[in-house]
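Structure in structure tokens, see below.
The first chain written gets the first letter, and so on, giving A, B, C, D and E; residue counts start at 1 in each chain.
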């Protein structure tokens, strides 16, 4: 359990770092690190497929996309971030952590829940048999994303 | 075969870009409109008799062995499918001429059909997570479509729309996760049964608050509405017609109603919150619309206000209220779609959306002016058009269920609505012809055909309101009403 | 089933709140989107945590996988938008994106 | 004589009016002939009906107790006959006088239409036809005055219309109250004690009658009309018809509809009204410079006698009032016709310009003198008889102050007629007027006929009294009282007659004093009275129409309308135009400013919304 | 043809006919005018064929049930036949007049379409026996009014048209709320089923909003004078003959035929309406625009009709019904005369006119005759109606109200003759001949009708008496 909590704390730290860092590249990398931690957490929760996906897709692909965007938008003038963020953000964050802890310990413990039966079958047939409609949805989302990118980057007659 | 509603648009969307390479305009137009026409016919005729035998649970099989795509087609979903098909077809017809100068028509149609597929999927989903998934499909497609013009305003609007929607979907997922945690399953019926046994009042309250925020933003109720007045005007006219007419209703009102009435059960607390949100949206959005100079922005605020009516209607919880709400949802979809299409024709003819620059266009563009008038009067609730009957039923439901204050607010808001629509008529169509537009011609064929199609629908439903209510609206309301009785009985609070 | 769920709920809530706080305070478009990504991490953690706590982990995995797929297409669209905005407005400051008023 | 014949006096003149209106201008002779024939026919039927005594024509009309009910009985047949008589005289006179008037055809049409309505009003036995015909006269009144053709004719016509309209509307209110009190609209069945609501009804209907007759506060249009309207109109309506109708209704009110008690409050009110009318009108008449205005004021003052007579509620007094009504109609019509004949020949009725016309116009002069003597109440003539009866009635009713007022009136009447007669006919010949001949016979004959009638009704007064007046009062005198008015009619050796004669002598002295004082100029004979210190001021004010209730009324009406418009209508419009729109815009501006386009701002709204909704649901769920 | 088909035809002919006018105009302008006159003439004749049925008294209810208690009900009784006859007849006259009046203007198609739609909706409203359908036709009339007032498309005119539409829509929607409140109590919208029920006070207040807004009584009246910007035929149609009569007809249909007014309202309404007619008469005496004067005059005369109905006794009701006929004829005449004058002199300010009697004799006489009828002077028709209303008020024990009403009548006489003398008498400022024979002919017809209605009042009175007894049988 200690390792799990350590990983979780690492995850939260890197995420907060990703937001707080001034330099874009550094924050992208810390974001990748965070998703790495998350992947490991998934593995420890014996959710291998989710872990693989998390690491390869989120840590990999999305970070690459981020870096690509940072590169492409270098030309623009420097965005003056307000100085206040550095102390406002942690202050609120810590305050929320305390409230969050108390709430989790006190109130939410009492959420009634049904005991669910043991799961049968492998991940494959759960995904394929149980939630086939999700796959249709996924295909649709991918199509949507592709067409969106195509539309946004189309050359030629742009209509203002 | 109700999977067709989702599969067909996806498949056509898939092959469209390839086709787009071959012939830039004719085939994409043809294909897109044919698909939507088929959906309309299928929904109108096949759907009707499907329903005759009670809600249809479609168990699909993929190459022989059963596959777990459980789609439920009941009165409510069928009503939504019909609305989507109708307004979608009209917008598609409209975009044949309108999208000429946008270019990349095939890409546009692809995105359009994906959005339609997303909406159809959401309507047919019986699983909380699927609702999220297909909403996201439609949302992604709509971000791209809002930004389709690639202008400064379009991009800004699309970005803000995206960033706000993402937060909304995050909250929806939190709530789905909590429900999943409590009941262990995601299917509507199973969750409903499980929640009845658990009677975890507080937790469901918080979950419904999160859902309300998420779907409220999608439906653009007042505190969550800020993205809509920017997104809808900057989208190309047929898209803003579909956005205002369908998207905010399907991913906002439909999802909210389905979950609150069929899954959670409409508790008195939830009903009051829904009604107050609806009433707030009605009044504030109506006042905002009053002060607008931009025609499409006024229409956007009007959509917020009319969605407020629908939510108020459904929030009452009585069968009559729900019927009124749904009927108004359907009428508003048609009428608002029509209004956005006419604004598109005006924008294409005069090149401006600013009402002050327009003047007396009725002289040059009689059909557009007439159809705009029909749409405006229908939404303002002036008889004999369709908007009047739905508002009437809502007000009757309000008075009967003992909410006189809401009834008065609803009545006064419809006066306000008429005021700003008259403002629009006076500035754009009804006054003296502005000499700048002396050379303006009537909108091209397909655009006027689309607007006339919707206008005839509005007038037709207005006159044949009783048969429309009995064939389309009553079954949808019964589905929800049973939901309320079944659930509310047990929860009590 | 006991309190492992609340344990993951705690961390997920922390991540989500951090993301929202980032959205409210940061001005750079890309920073904003990084905050969105943090929220996404929080949600996938929440989903999987719930599944793990309620030991129907397989279903939770499918949900997370689908969620990630959706997240990818969202990122693609959003970044395309950001690039276009950067090209048009020559700046990534969200305060400049305030022309549509009233 | 079938009851249907009763429709004849109404329909015949109405149809004739339409025909006369349509006849082209060129066929003047045919028109005159037709008019005369029509008037003659009416006169003949007047006599026929008079001999008939009782006839009733009743046919349902509007339901709810309103039916077209005509009834002929001795009072209405007498008035019908009188009306027909005057009509034929006026028509005869007008054939020449109005020969070259621009709207002559309209004039004849209106005259016959007035005759139709007047006959209808007299015959009516249900209040609704009564009001129908009574108010119909307004239309012809307006039409006739506008025929005068002078620039101010329109204004005077409207003035006459408004005053008469006001009186008629109060009469309608009175009839309404009477209907609620008595429960029926048939005039012959109505007989109510004038107390409480009925008293108000009495007063309102009295206003209607007095207004038509031209008594004080409602008289101011008559002097203006004298100048603006054609003289034939003055002789026809204000002199004859209106007096007959007005006093007929007043008599029926005090005799039939309400049981007026002598000495009761209402009768005193009537007597006061009468007395005031007599005195003030005659004072005004005295100082007039124009013959027609002088005669018009006298017409108003003489009505005072009739009202005073009826007001005494003593049979003798009422008989005097009624008899005075017919007498006055005759000599006033004669006077106006003679003034018209003078105007016809000389072109003016200015006393200053006229003088010594008795040689060139002997017959007009003779007619004028007889009628002037009659109106002043000189002994053998009809004026003397009816005035004596009024004096007796006033004395008998116990209020001597009214009798004194009557006498004062008599003094000044005679003084002003001496002035008029002297300056028009008997003074020296002035140079302004060229030599004139006597008017055509068609003009002179009516004057002489009227003069003859005055003499006849005076000398042989038994005929009119027994034939006309006696039957009217038959039902009302106490059983025992012997209704013989004729006994001492012409007897001058009683105190009342002596006082009257004294007044006349006093008047003669006053005239002689004025005449000599002003250096033998007859038209300035009234200056001594005119220049009395306080009186002079009042006269100027009166001339400036200060006391004219109509002028003040119009100012009040206009002021009230302005107040209503500015204080009620415009503010309501202001609310709709400004308040609502500005409020709308203000509220919208605030809301629009809130949407400043910043993403963080919108996100904050959403989160705040979430918190509020969550709080609301958990609170409400408790 | 039985009564039911006649009534359905009376409603459908104008409505369908109106939408067909643009088609007729494709043939030629002449064809369109002929078509419009034909349709309005047929609509005018049809109710007349029902009069024998009306004279037998009794009522015929036609019912076709639809969803949710909103079933389509037609009541064919003397009241509705009388109203239909009066308004369609005057409407037809106005259509004939407008052929001459607007032959030079543009967008005439819309004009004829809206006028015929107006008449059709009016027929529908008069016969409808269901509150919601009454409201439906009420609003269709509001739409056509809006388009007609804004006919000249000037920015100021359209603003006035919007104001008129908004005020009437506001009143009507509040009235709808009242109907729904009653629906809550009796849970039916069908008038014939609700006869004699006592109505809650608030519902009465709400419904009065609608009635007062449509018939332009005091608080909601300012749109009527402003609507003077419309072409004269429209103001004649609106102000004089038909539109304002709807509010009064609805009052009769609702509060005499169907509901029983609570005691407080029976006392209050007569006072309000008399005040309204007094204020309007005051305003008319001060205005200088001839159309605004006549508009205020209409508001004032409508006060009388309301007075007659609200005192609710035989004399009052029959007086009001007669008033609707007489005022319709006379006021339409006044407006159309004003139209001829404005058409010739091109100004609406009466101070700039003068002496027109010399060049426009027929119009002057028609104006005079119609004024006499409006003031209520015999032998013209207006006398009987005003007389009966006054008698009704006095009999209902309100002599003070009757006195006020009569004072208003004097004020009416004052301002109508002020207009007559300023416009027609005095010296001639700009000589202008009487334009288009058809317009003068219509005006003459109206004047003669006012006179004939006065002389032969017994005939309309028969129908009115039957309608009164039929309508208020449970009042006694």
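We take it that contacts are C-beta pairs under 8 Å (C-beta built on N, C-alpha and C of every residue); 3 or more make two chains touch, one makes a residue touch a chain.
Values in this document were obtained by computation on a predicted structure and should not be read as measured data.
Least step count on the touch graph, subunit A to subunit E: 2.
Listed here as common contacts of subunit C and subunit E: B, D.
Using CA-based centroids throughout, the chain positioned farthest away from subunit A is D. Taking B-C and C-D together, the pair of chains sharing more C-beta contacts is B-C. When every chain is reduced to the mean of its CA atoms, the largest separation from subunit C belongs to D.
Averaging the CA coordinates per chain and comparing them to the mean over all protein CA atoms picks out E as nearest. Taking each chain's centre as the average of its CA atoms, subunit D and subunit E sit 37 Å apart.
Our note on geometry: subunit B versus subunit D, Cα centroid distance of 79 Å, whole angstroms. For the pair subunit A and subunit B, the distance between C-alpha centroids works out to 31 Å. Rounded to a whole number, the gap between the C-alpha centres of subunit A and subunit C is 6 angstrom. Multi-chain contact residues of subunit C (touching two or more other chains): 19-20, 23, 25, 32, 40, 51, 54, 56, 59-60, 66, 70, 73-74, 77, 81-82, 84, 89, 97-100, 102. Of all residues in subunit D, those touching 2 or more other chains are 592, 595, 597, 599, 603, listed in ascending order. Listed for subunit A are residues 113, 115-116, 130-131, 134, 137-138, 141, 144-145, 148, 152, each touching two or more other chains.
Every pair of chains in contact is given here: A-B, A-C, B-C, B-D, B-E, C-D, D-E. Residue ranges on subunit E touching subunit D, taken from their complex, read 163, 167, 218-219, 221-223, 278-287, 296, 314-315, 318, 372, 375, 377-379, 383-384, 387-388, 390-391, 393-395, 397, 399, 402-403, 406, 409-411, 413-415, 417, 421, 425-426, 457-458, 461, 465.
Residues 66-68, 70, 107, 132, 135-136, 139-140, 142-143, 146, 150, 153-155, 158-159, 161-162, 165-166, 169-170, 173-174, 176-177, 180-181, 183-184 of subunit E touch subunit B in their complex.
On the subunit D side of its complex with subunit C, the touching residues are 592, 595-600, 603-604, 607.
The touching residues of subunit A, when paired with subunit C in their complex, are 5, 8, 11-12, 15-16, 18-19, 24, 27-28, 31, 34-35, 38, 41-42, 45-47, 49-50, 53-54, 57-58, 61-62, 65-66, 68-70, 72-73, 75-77, 79-82, 84-85, 88-89, 92-93, 96-97, 100-101, 104-105, 108-109, 113, 115-116, 118-119, 121-123, 126-127, 130-131, 134, 137-138, 141-142, 144-146, 148-149, 152-153.
Taken in their complex, subunit B has these residues touching subunit A: 6-7, 10, 13-14, 17, 60, 62, 67-71, 101-104, 107-108, 110-111, 114-115, 117-118, 121, 125, 127, 129-130, 133-134, 136-137, 140-141, 143-145, 147-152, 178, 181-185, 194, 197-200, 202-203.
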